[in-house]
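Dumping the structure here so I can ask a few things about it.
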Amino acid sequence: MRSNNWGFFLREAVKNLRLNLLMSVTAITTTAVCVMILGAALLVSAHLQGIIRNVGQDVTITAFFPENASQETIDDTLSSVQGYPEVSESTYVSREEALDRWKETFSDQPDIASSVGSDVLPASIELQLNDPRDSGAVAEKLRSEGFEEGDLNYPQQTIDNLNWFTGYMVWALRVATILFLIASILLISNAIRLSIFARRKEIEVMKLVGASDTFVRTPFVLEGLVQGLIGATLAAVVVVWANSAFVNWAQSYLFSVSSESINAFGLMLTLIAVGVLIGVAGSYFSVRRFLKV
Amino acid sequence: MIYFNNVTKVYDNDAVALEDVNLGIEAGEFVFLVGASGSGKSTMMRLILKELEPSRGNISVNGVKLGAIPRRYVPKHRRNLGCVFQDYKLLPNKTAAENVAYAMEVTGQKRRAVRTKVPQILDLVGLKDKLNAFPGQLSGGEQQRVSIARAFVSQPPILIADEPTGNLDPETSVGIMQLLHRINHIGTTVLVATHDREMVDVMRKRVVALEAGRVVRDKVRGGYANEV
Amino acid sequence: MIYFNNVTKVYDNDAVALEDVNLGIEAGEFVFLVGASGSGKSTMMRLILKELEPSRGNISVNGVKLGAIPRRYVPKHRRNLGCVFQDYKLLPNKTAAENVAYAMEVTGQKRRAVRTKVPQILDLVGLKDKLNAFPGQLSGGEQQRVSIARAFVSQPPILIADEPTGNLDPETSVGIMQLLHRINHIGTTVLVATHDREMVDVMRKRVVALEAGRVVRDKVRGGYANEV
Amino acid sequence: MRSNNWGFFLREAVKNLRLNLLMSVTAITTTAVCVMILGAALLVSAHLQGIIRNVGQDVTITAFFPENASQETIDDTLSSVQGYPEVSESTYVSREEALDRWKETFSDQPDIASSVGSDVLPASIELQLNDPRDSGAVAEKLRSEGFEEGDLNYPQQTIDNLNWFTGYMVWALRVATILFLIASILLISNAIRLSIFARRKEIEVMKLVGASDTFVRTPFVLEGLVQGLIGATLAAVVVVWANSAFVNWAQSYLFSVSSESINAFGLMLTLIAVGVLIGVAGSYFSVRRFLKV
C-alpha cells in the first residue's frame, strides 16, 4: 500500500463520520455509555476494596505480659515487636493505663470500677497490623517471644470472617467487572455492526470497482477508532470527574476513602484503550462480513 | 480476451440464467449483447467480474481462468475491467467527482492525476456542472453517466457496460455510444448489453443475442433483430 | 386533472430543475413527457406525488391544491396515483408478489381480492414465473415490470410512469405501452416520461417537451423530436 | 384502520424479523444484555437492602433494673415490655445469669473474674427491635416505666451511624438503578435506531406508494415489541435463575439472605415490561424520523 494512502484513508474516515452523523453519534453514545458503566464498575470495585482494606487495618492483637515480667523483658519485647514488618503500629499499655481504661469503661457502675486493684490488670502491647491476614503469623512470632497462647488476644474469628468476606467480595467485584467488560464489548460491537450493516451495499460496490479488502476496510476501522476514542474519552472524563467529586464528598462527610488507591490517569487510559480497542476490532470484524463479494 | 466455455449459471432459487454458453471475444473487439429482459445479459457481466461463480464451465479473462484466481487477487482482476452497472452502483456518500475518483484511487494513482483526470472525464459525459452533486441529487440519466465515467476513467483494457443508455435520451445516448466507439478504437475491448435497437442497428458491430440463457445468434456487423 | 401553475422548483443546492412551468392535463388524457437527461421530468413526477414541494407556484391534482393537503392526508392523495419510479423503488424484503400486494394493502383491500389480483397483474407484465422472487433475484427489466405492475394494480385514476421501459427490450416495451394505452382507454389519466423515441413517434399521443426545466413544446399527437 | 389489518401487521412483523435476522439478533442481544444489567442492579440493590435490614435487627437495648427492684416490679415491667409492638424479642437476665456471663467473659483472667460478687451486677432485660430506628421511642417508653437514663444501654451511636449509612446506601442504590435504567433506554433505543436507519429507504418507499404513517409504523413497532419481549424474557429468566442460584448458595455457605425480600415473579414481569416498553417506544420514535416523506 502506498504511503500517501493514509492521508486518503483519514480523509475518508472523517468525511464518513460527518456524513453519517446520526450513525456516528449513535455509535459514540453507545461507546460512551458502556465505557462509563465499565468505569463505574472499576471504580466501585476499587473503592470497596479500599474500604475493605481499611476495615482490616483496624484489627488489633493484644499481648498481655505475665504479672511477673520485669521492665527489662518488657522493653526487649517491645523493641523486637516494633521490628516486625507486619505491624504498622504498636502501643504499650502499662498496668496503670490498663486500670485507667477499666475505670473509664465502668465509670457509670462504680461498684465494678472499684472492684479491681492496680495489681489485677496486666500490662500489654497492642499491635495494629498492615494486613489482618498476617495475624496468625504475628501470633506465632509472639509465642516465640515467650508469650503463652492464653496471654494473646486476637480476634481470629473476626479476621477469618473478614478474610473470607473480603475474598468473596473481591472475587465478586472482579467477576462483575469482567461481566461488564463482556457486556460492553457486546453492546458496542452490536452498535458498530448495525451501523456497518446499514452500509453493506457501499462495501459491495467498493469491492466491485476493484478495491482490495484493506482499501475498503481501513477507513471503516479508522472510523471505529475515532468513534471509540471520542466515546471513551467522554466517558473517561465523566468517570474520573465523578470519582474525584465522590472522593471529595466522601472525605469531608463520610469516611476516609483512600483516593490514592485509584490512579485516575491510569484508569482514564485504560478506559480509552478499551473503547478504542472495541471500536477498532468491532469495525474490523463487522466489515469483514461484507467483504466477501 | 474473454472466453466462456460451456458456462451454465443456475441461481440459488433454481433460476437458470445461462445455459451452456460458449463465446469468445478477442482483444479490441466491440460486441453488443442483446436479448429480452431476463435472458441472462447481466448474469454474463457479473460472471466476468467474478461477482458470481458459474455453476458449470469456466471463464477466462485476459488469459486468466477466473476459477483459479485466489480471493485476494480478485481486486486486481477487477481493476482490468471497467464496468457500467445496470443499477449504476454509485456510492451514495460521495459526490459525482469522488465516485469517479474512487475508481482511480483503488489502483493507487497519484492525487494529482486524479484531480486533473476526473473533471475531464465528467465533462466528456456532459456533467461538468455536477461534479459536486451527490448521487441523490442527480437525475437518473446523470447517475448513469457518472457510472459510465467511472468505468473508463482508469482506462482499463476491457470495458463492460450493462445497459449504459437505458435512462438517457437519444441524443445523449448517441454521444455515449460514440465515446464507446472511440474507446474501442484505441484498443479497449468493449462489451455492451443493450436494448437500444436503433443504436445496434446503426453501429453495425458484432451482435451476440441471448434467449433464455442460450446464445442464439452471433453475427459480425449484425442488427438488433434477427435478419433473415 | 393535473395542473401546474407557474411552478418553479429549485433544489437545495441551487439546481434549478423546473422554471415557471404551466401545464394542464385533463382527465383521461395520455401525455408523453420528453426531454434530455436532467431536464426536469422526474422532478415533475415527484411534485405531483407531493414527494417534493414546489419553490414557487402551485399544483393541483384531482381538483385539490397540493399545497393545501395536510400531512396526514398525503397518503390518501398518493393512493389516487399509480407511480412507476425511474429507480423502481421496490421493497427489498418483499417478493415481487408482495411488493405489488403492498400497494393494494395500503388502500385496505380485502386479502381475497389481493390474492386473486396480484398474480393476474404480474402475469400481464410477463412475470408469472417470478411471483416469489425478491427484487435482488430479478433482472433489471423484471424489477421495472414489478414496479409497473404495482403502479396500476389498484386501478388509480391517474398513472404516472417515469421511464417505464428504460430497461426493457423493444418487444416487452411495446407490450407495456399497449398496456398503458388500454389502461388509458378505460379512463385513467396517464403521464409517461420517456426517452423511447420510437414509442413516442409510433403512438402519436400528446407530447410535452422539457428543456432545462422549461416546457418548450406541447403538441397533441406529436412526435419525440421537434417536427418543423 | 380495518380490523383484519392486525393479522397483516403481525405477519409483516414476523416476516421482517426473519428476513432481517442479523439486525433482529443484534437488537435482541442488546436488549437482553441491558435488561440483564438492569435486573442485576435491581437484585443487588434488593439484597443489600435486605442485608442492611438484617444488620439492623441485631441492635439490642439493655435496661438494667435498680438493685433494689422487687421481683414483682420486674415481672410487671417484663410483661408490659413484651407488649411493645417495636420489640421482636425480649430476654430477662437475672443477677445470677449476669454473674455467669461475667465469669465466662473473663474466664482466662481469674483475678478479674473473681473480683465481683453476685450482688454487684444488676438484673436486666435485653430487647431486640424490629427496626433499629425505633430505639429512641422504645427508650422513651422504658423511661416512662421507671428506668433512669443511666440504667438504659442502647447503642444510639451505632444506630445513628447505621441509619445514616443505610440511608446513603439505599439512596446510592436507587440512583445507580435509575442510571442503569437510563443507560439501558439509551443503549436499546440506539440499537433500534440503527436498525431502523438501515431500513429508512424502505420506509420512504412505503410512504410513496400511499401507506399512512400508522400503516408503516405498526409493523416496526410490533417488531420492536417482539424483539423487546424476546430479549427481556431471556434476560429476566437468566436474572431470576442466577438470583435463586445465588440465594441457595448464600443460604448454605454465607449468611442468611432473605429470599422473600425479592419477588422473583414481580421482578421478571418488571424486567419484561421495561424491555417491551423500550422496544416499542424506541421503534415508534425511530420510525417517526423517517416518515416525513
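The chains carry the letters A, B, C and D, assigned in the order they are written, with residues numbered from 1 in each.
We take it that a residue touches a chain if its C-beta (ideal position, glycine included) is under 8 Å from a C-beta of that chain, and two chains touch if they have at least 3 such contacts.
The UniProt protein names, listed by chain, are B, C = Cell division ATP-binding protein FtsE.
What you see is a predicted model, and the numbers here were worked out from it, not measured in a lab.
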item: Centre-to-centre distance between chain D and chain A (centres being mean Cα positions), rounded to whole Å; value: 25
item: Rounded Å distance between chain C and chain D, as computed from the means of their C-alpha atoms; value: 62
item: Distance from the mean Cα position of chain C to that of chain A, given in whole angstrom; value: 67
item: Touch-based graph of the chains, sorted into line, ring, star, complete or other; value: ring
item: Contact pairs between chains, per stated definition; value: A-B, A-D, B-C, C-D
item: Chain B contact footprint on chain C (complex, rising order); value: 11, 13, 15, 34-38, 41-42, 86-87, 126, 133, 137-142, 144-145, 162-163, 166-173, 195, 197-198, 224
item: Complex contacts: residues of chain D adjacent to chain C; value: 1-2, 4-5, 8, 15-16, 19-20, 202, 205-213, 215, 293
item: Chain D to chain A touching residues, read off their complex; value: 22-23, 26-27, 29-30, 33-34, 36-37, 108, 111-112, 115-116, 120-121, 150, 168, 180, 183, 186-187, 190-191, 193-195, 197-198, 254
item: Contacting residues of chain B [partner chain A, same complex]; value: 49, 51, 72, 75-76, 78-79, 81, 83, 85, 89-93, 102-103, 105-108, 110-111, 150
